[in-house]
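Multiple structures follow.
Common to both upcoming complexes is chain A, partnered first by chain B, then by chain C.
Take a look at the complex of A and B:
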C-alpha cells in the first residue's frame, strides 16, 4: 500500500485532518482523567453504598468531623512551612554550590534523596527518629551529647522498697532516726545481674553508740523474703546517703562494698536519712520525636530532606541562565555581594523561584506516604493530612467512598488554583 | 516428619470411615474448577494449598486459590460488584459476612454442611455464622487471643509461676519490676492490641452476655460493667513501673521483641497465638522453652473464657463442587492437614489434639475447644469498622488515650460512647 501524501496549503491547520491524530489522546484523556473526575464528583453526592442521593451531606459531615479539621490544620502548616523552607534552602545551596569546583558532584549528592521512593524515605525517617537511642540516630546523638555533660547515674531506676517518700531531692525516710540506731534499707527495681562485681554479701551491722549505722542492699532474689537480708543478696556499693536535720544536710557518706554505711558523729537529735536522687536518675532517653506534639515538624523535616534536591536543580538551572553581564555591571557599580544577590540575582530568578514554589505547594497538598509511614498508629490522627484522611475514609475497613469522594473533590479544589497558576505561567512564557 | 505421617494416617482413616460422617464421599468432580479467595500469603498460603490439594486428590475438582492479604474485603467487594464472585471466600470480619448475606450475595450452606458445623463445633460458632436464622458460614481457622507470652528467664529470676488470676498477675508483675525489668510490654502504637486487652478483661468481668450486648451496642459504653473492666486494666496500665516505657510508640512486633529479643526490656507480652511465629522469625528464643504462654488470667473469679478471631468460610455459588469443598472445609479432615503443618488452630472439636505439631499449639487449641460456649469473637471485629477497626479513630484511639492516662476512666468512657453512638447509628 502506498501512503497518500496530501500536502496541505497550511499544514496542521485543518481540523478534519487533526482529529484522527488527536483521537487516541482524547480517548485516553477522557477515559483516564475526565471520567474519573466527573465520576468522583457525582459519587460525592451519594451515600456509602452508592445508591442513595444524599445531596451535600458528605460535605457537611466532612467539615464537621474533627479528624478532617485536624487534617486541614496540618495541611495549612505544611503549605505555610514546607515549600518556603525548601525553596529557601534550595536557593541558598544553589547559589553556594555555583561557586565551588565540584558543583555538579555536590548537587548530585543533594539530588539523590529524590531518587528514593517517598515510601522508602518514610521508613528511613521512621528509624532515624525512633525513640530508642540504640535504633534512632537522632536520639543517639541527643543522648550522647547530654551524657557528655551530665553522666548517667550508677543505679538507674532503683528505689527503696517502702518507708521512704520520693521527694525532689531524693528518697527521704518517713521515720526519723538517731545516733545509735541501725537502719536496713532494702532497694528494688534494679537487675541483680548488673550489680558491680566488687559487691559483697550484705549483712545488718551491729549497733554502735554515738553512730548511726545501716545497710543498703538489693532486696531481690529467688525465694527471698521482702525486707530481710537473704543469703544471696548483695550490698550496693557507692550509693550516696545523706543525714538531714531541719532541712540541712548534716552528714553525707557512701556505702561500702558490703552496702554498709556509717554516720560517725551526728550529735544529738533526730535526723532523716535521705538517698539523693542522683543515685537513681533514669538514663536520659532523648525526645519522643514520634509523639503527638512533634510528629508534624518531624515529617516536614524529612520532606525537606527529600525535596531540597529538586529545588536546587531547578534553581541552579535558572541561575545559569541569568545574564552574567547584569551581575558584572552591578559589581562594577560597586555593589557588595549581598546587594548583588538581593537586588539582581533574586529578581532575575523570581520566575523560577515562583514555579518551584508553586510546584512544591501542589506536591505538599497531596502529601500522603510520608505521613502514612512515619506516624505511628497512635499519633496518626494528630499527623493526619487531607490525602491520608481521604484514603482512610474511602478504603479503610468499612470504607465510605461517598465521603471519600467529597474529600477528593475538596482536595482537587485546593490544588486547582495552584495548577491554574502554573499553567498560565507556562503559557505566558511560551508566547 | 513423623508428625506429618501421623496426620496422613489419621487422614486416611478419616477418608475410609468418612462415608458415615457425610464428609468423605468420593464424588467425581473431574473437570470442575472452584475458586477460593483467602487472606493467606507466604507460608500460610502453602499450607492452605496443601489442604486444597487433598480435596483435589479426593474429588478430582480443580481448586484455584487467590491470596488477597489484608485487602480481602476490597477484593471480594469488587468481585461481587463486577458480577464475578469467587466460589468460596474466607473472611475475617463477621460484620462483612452479615453485610454480604444481607445484600443477597451469599448462599446459605447446604444441609450436610450445616450438620457438620453443628456436630463439630460449639454452638457459639454456629451462631456466629448465622444471619437471620440461616447459616452462611463457619470458622475454618481461628486465633486464640487470650494468651500471655512470657520469658522463662525473667520468670526464673524471681521464681515466679504463671499467674492464674488477675491479682496474681499484678503481684507477679510487681515482683518482676523489682528486678529492674518492666513486667509487660504493650504494643500501644497499634490500636487493635489494646482492644484485645479490653475485650479479654471485659469478657471476664462482665460475662459473655454483657459482652454480646456491648458488641451490639445494646448497652452503652458508659455502663458500670465497662467502668469495672477499665478500672481493672488501670491497675496494670496505671503503674509506670510495670509497663515498658514508650508503649504508645511500640508497634505490636516490637512489643514481642522487647520481651524475647536481646536486650529484653520486659517479661511478658499479651496477644494471640501468632506471637509464636513472631518469636520464631525475629528472635533467638525458642517457643516452648524460652518463650512460654499462660492463658489470660481469671479476673474476680471468672470462668475460663477465650476471645477468638478467625476466618469464616462462606460460599457465593451453590454448584456441586462448591458445596463439596465447603463440606470438606467443615470436616475435621481438612483442619487436620493444616494442623499438622503448624501455624493453625481450629474451633473444630473433632480434630484430635495429636494432630497439632507441638505442646504449645496443642494447649492453645485445647483452650478454645474447652472454653466451649464461653468463646467470644473479637468485639472490635464485630463492631462497625469506623469504631472498631480504624487507625487513629474510634475505639483504637480512645484506648490509646486511656493507655496514656489510665486515671481518666470517666472521660474515656464518654468518648467511647460518643464514638460508638456515631458509628452504630449509621
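Take a look at the complex of A and C:
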C-alpha cells in the first residue's frame, strides 16, 4: 500500500547537479500553484474589478450572503455525514470481503466508479433519481413498493359530469335520492382506451320497488350525447358507491361490468349517493428526489457510490497488515468475533481509518462536479457548496473576482489542517 | 486457487477457535453463506446505475420516453446504436472527444517526466533545502485548485494561453506534480542504496544513474502514476470549464454545454456520458492493479 521510505537514502555529492532535475517542476509549481496562492490572498482584499482596496469587505460580504451561507451549511452537512458514512460502510464491507473468495472481483466492481468522471457519475445519478417513475429506477421501486401496500385507484382522475360536489370523502350527490329511484351517473375525465376490457355496454336500469338502482358509465361526449347513455358507451366496473344518510354510510356497493349498481334495502328516507375518493385518487408518483428538500442527501448518496470502493480497498490493505497472531490470541482467550473486531481489529486499524477519513474530508470540501451536474438549475442554490459557489461567483453569473478570491482563500484555510496532518504524518514516518 | 489454499481454508474455519460444537460451526457456515449473498447483492446494487445508463444509451428517444431502461428485459429488440451514430456525427462532440486526448496525453507525459526528474533529485542528490522542499511538496498535495483559478486565468490571458489546449495542459501538469513527485520520491528512496552507490563508484553521472538505474527499477510506480494521472485529467471538468474555449473543450465540457441543448433527453445525454466513460473504463479494466495502487498512494489528493 504505502511505498517504503528508505531513511538512509544516500545523497549525491554535488548540489548543483540537482538544478536541472528540479528546475522544470519547480518553475511550474512556482508559477501556477505558489504564486497564484499569494495572488489570491492579495486579490481577496480588492473589489470586484481589482481596482480598489476594500480591506475585509469581501469576507464580510461572504459571511452575510445567504447563498454562501447555504453553501456553508451544505458543506457542514457533507463533512459531518459523508466521510463518516463512507468510512463506516467501507470498514464493514472490507471486513466482510475477508470471508469470501471473490474479494478481488468484489472490490473491482465497487472501485469502478472511481475510474469514471464525476461528470458522468452525475449524469448517471440524474437518471437514477429521475422523478418520473417510468424513467428513474429509484422512483420505480418506491412506487412499486407503495402500490403493493396501497394499490392504485382504478380510475385516477375520473369525476362525475355534474350534479355532484367534491368533498374530502369523495363526490357526493347534490340532490337526495330514495329507494325506488334510478340514478344515471355519467363519469368524465378518463381515457376510453383505459376502460377495463371486461366492461360491457351500459344501459339504464329499470326502477325496482324498495331498491335504489343506478348506472355508472364513462360518458364520451364525442359522437354521442352528453349525460345520456349512448349505445357505444360502456359501464365502469368495480367503482365503489356509498349511500349516506345523516353523515353515516348506510350502504355500500360496487358497480358491475355493465356499470350498474343496486342498494337493496335502504329503508325509508332520503340518502346522498357518494363516490368515495379512493376510486379516483391520482397514482402515487414517488418522491421528488431532485427537488429542493432532498437534493443534498441525493448528491451525497452518489458520492458514497463513488468513494466506497476507495475506502474498502484502503481499509482492506490495512486489515491484511494486522498480525494474525493478535486475532488468534484473542480468539483462543474466548473472545467472540464481535469482541475481536471491537477490541483488537478496530484499535489496530485506527491509523488507517484516520487516513481514509481525512482523505474523504478533503475530497468532500472540494466537491463541485456532482452538485453542478445532478442538481437541476432551479435547485442548485439549495444544493450549493463552497467550491461551486466560488466558480459561480468568479466565472459563472457573478463575475466578482474579489469575492471569488475570498471564497478560494476560505477553501484553502479549510483544507489547511489536512495539509498539516499530511506533513506531520510524513515527518513521523521518516523519523 | 490452488489445492493447498483450499485445504487451508477448510482446516481453519473463519470462526477460528478450535473445538467448537457442530451447531456453532453450522451457524458459522450459514453466516458465511449470508455474507456471500449480502455482498453479491451489494455488488449488483453498485452496478445498476452504470448498467441503467448503458441501456438508456442503447435505446432511442421514443423508447426512453415511453418507459424505463429496465423494460429492456422484456423488449430487447429496442436496443440500437443509433444514438452513438448520431453523437459521433455531431462535429462538436467528436472534436471534444479528440481534444480530451490532446489534453490528457501531454499532461500525463509531462507530469511523469518532470516528476521523475524532480523526484530523483529529492531522493538521491543532496542539496541545501532538500528537506524543506520535500515538505512543501507534501503540503501542496491537498491544495484546492480553486485557489489558482483566478490568478492563472489572468496569467494565461496575458500570455495568450487562455482558451488553448496548452493552457489547460499546463494547469493540469502543475497541479498533478505534487502528487506525482510524492509518489515517485517515495518509491525512489526505496531503491537499495548499493545500486546507486555502485553506479557512482563507476563514475556514472547523475543523469546516467537516473536513466539506467532508477527508471528501469521504478517502472511499476511510473505505470501507477501514468494511469492515475491520465484518468485524472481525462475526467476533469472544472479546469477545462475555466481555461478551455469552445474549440479546445474536452468531452466533459462539451457535454455540459449539450446538457442544456438536450435538456432531459436522456438518450443523448446517456450516450455522451457513456462515450466519455469508454476510455477510462477500458484503461481501468486493463490496468486496474496500477490504478488502484496509484489511488491508494495518492490518498491525499
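We adopt the following convention: the second predicted complex is superposed on the first by the 319 of 431 C-alpha atoms of A that agree within 3 Å, B and C clash if a C-alpha of one lies under 4 Å from a C-alpha of the other, contacts with A are read in each partner's own complex, and residues count from 1 in each chain.
Operating definition for what follows: a contact is a pair of C-beta atoms (placed from the backbone, for glycine too) under 8 Å apart; a residue touches a chain by one contact, two chains touch by 3 or more.
Just so it is clear, the structure is predicted and the values come from calculations on it, not from any experiment.
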If touched residues of chain A are counted for chain B and for chain C, the larger one: C
Touched partner set for A:231, first chain B, second chain C, both or neither: neither
Partner chain in contact with A:55 - chain B first, chain C second, else both or neither: neither
Chain B versus chain C as contact partner of A:157, first or second or both or neither: first
Touching partner for A:247 - first (chain B), second (chain C), both, neither: neither
Touching partner for A:395 - first (chain B), second (chain C), both, neither: both
Touching partner for A:190 - first (chain B), second (chain C), both, neither: first
Overlap of the chain B and chain C footprints on chain A, listed as residue numbers: 395
Parts of chain B lying in touch with chain A, wherever the complex brings them together: 73-74, 93, 95, 156-159, 177-181, 188-191, 241, 245-246, 248-249, 251, 384-386, 389-393, 396-397, 400, 426
Residues of chain A that touch chain B when the two form their complex: 48, 67, 131-132, 157-158, 161, 188-192, 194, 219-220, 222-223, 285, 288, 290-291, 376-382, 384, 392, 395-399
For the chain A and chain C complex, residues of the former touching the latter: 1-6, 8-18, 20-22, 24-26, 28-29, 31-33, 35-37, 39-40, 43, 93, 96-97, 99-101, 105-106, 108-120, 123-128, 130, 133-137, 140, 305, 308, 310, 313-314, 317, 327-328, 331-332, 334, 337, 355-356, 358-359, 362, 365-366, 368-369, 372-373, 387, 390-391, 394-395, 401, 404-405, 407-409, 411-412, 415, 418-419, 422-423, 426-427
Residue numbers on chain C that touch chain A, as the complex places them: 1, 14-17, 32, 35-36, 38-39, 42-43, 46-50, 52-53, 56, 64, 66-70, 113-115, 117-118, 120-128, 130, 133-135, 138-155, 170-171, 173-175, 177-178, 181, 183, 186-187, 189-193, 196-197, 200, 205-206, 210, 221, 231, 234-238, 241-242, 252, 255-256, 259, 266, 269-270, 272-274, 276-277, 280-281, 283-284, 288, 291-292, 295-297, 299-300
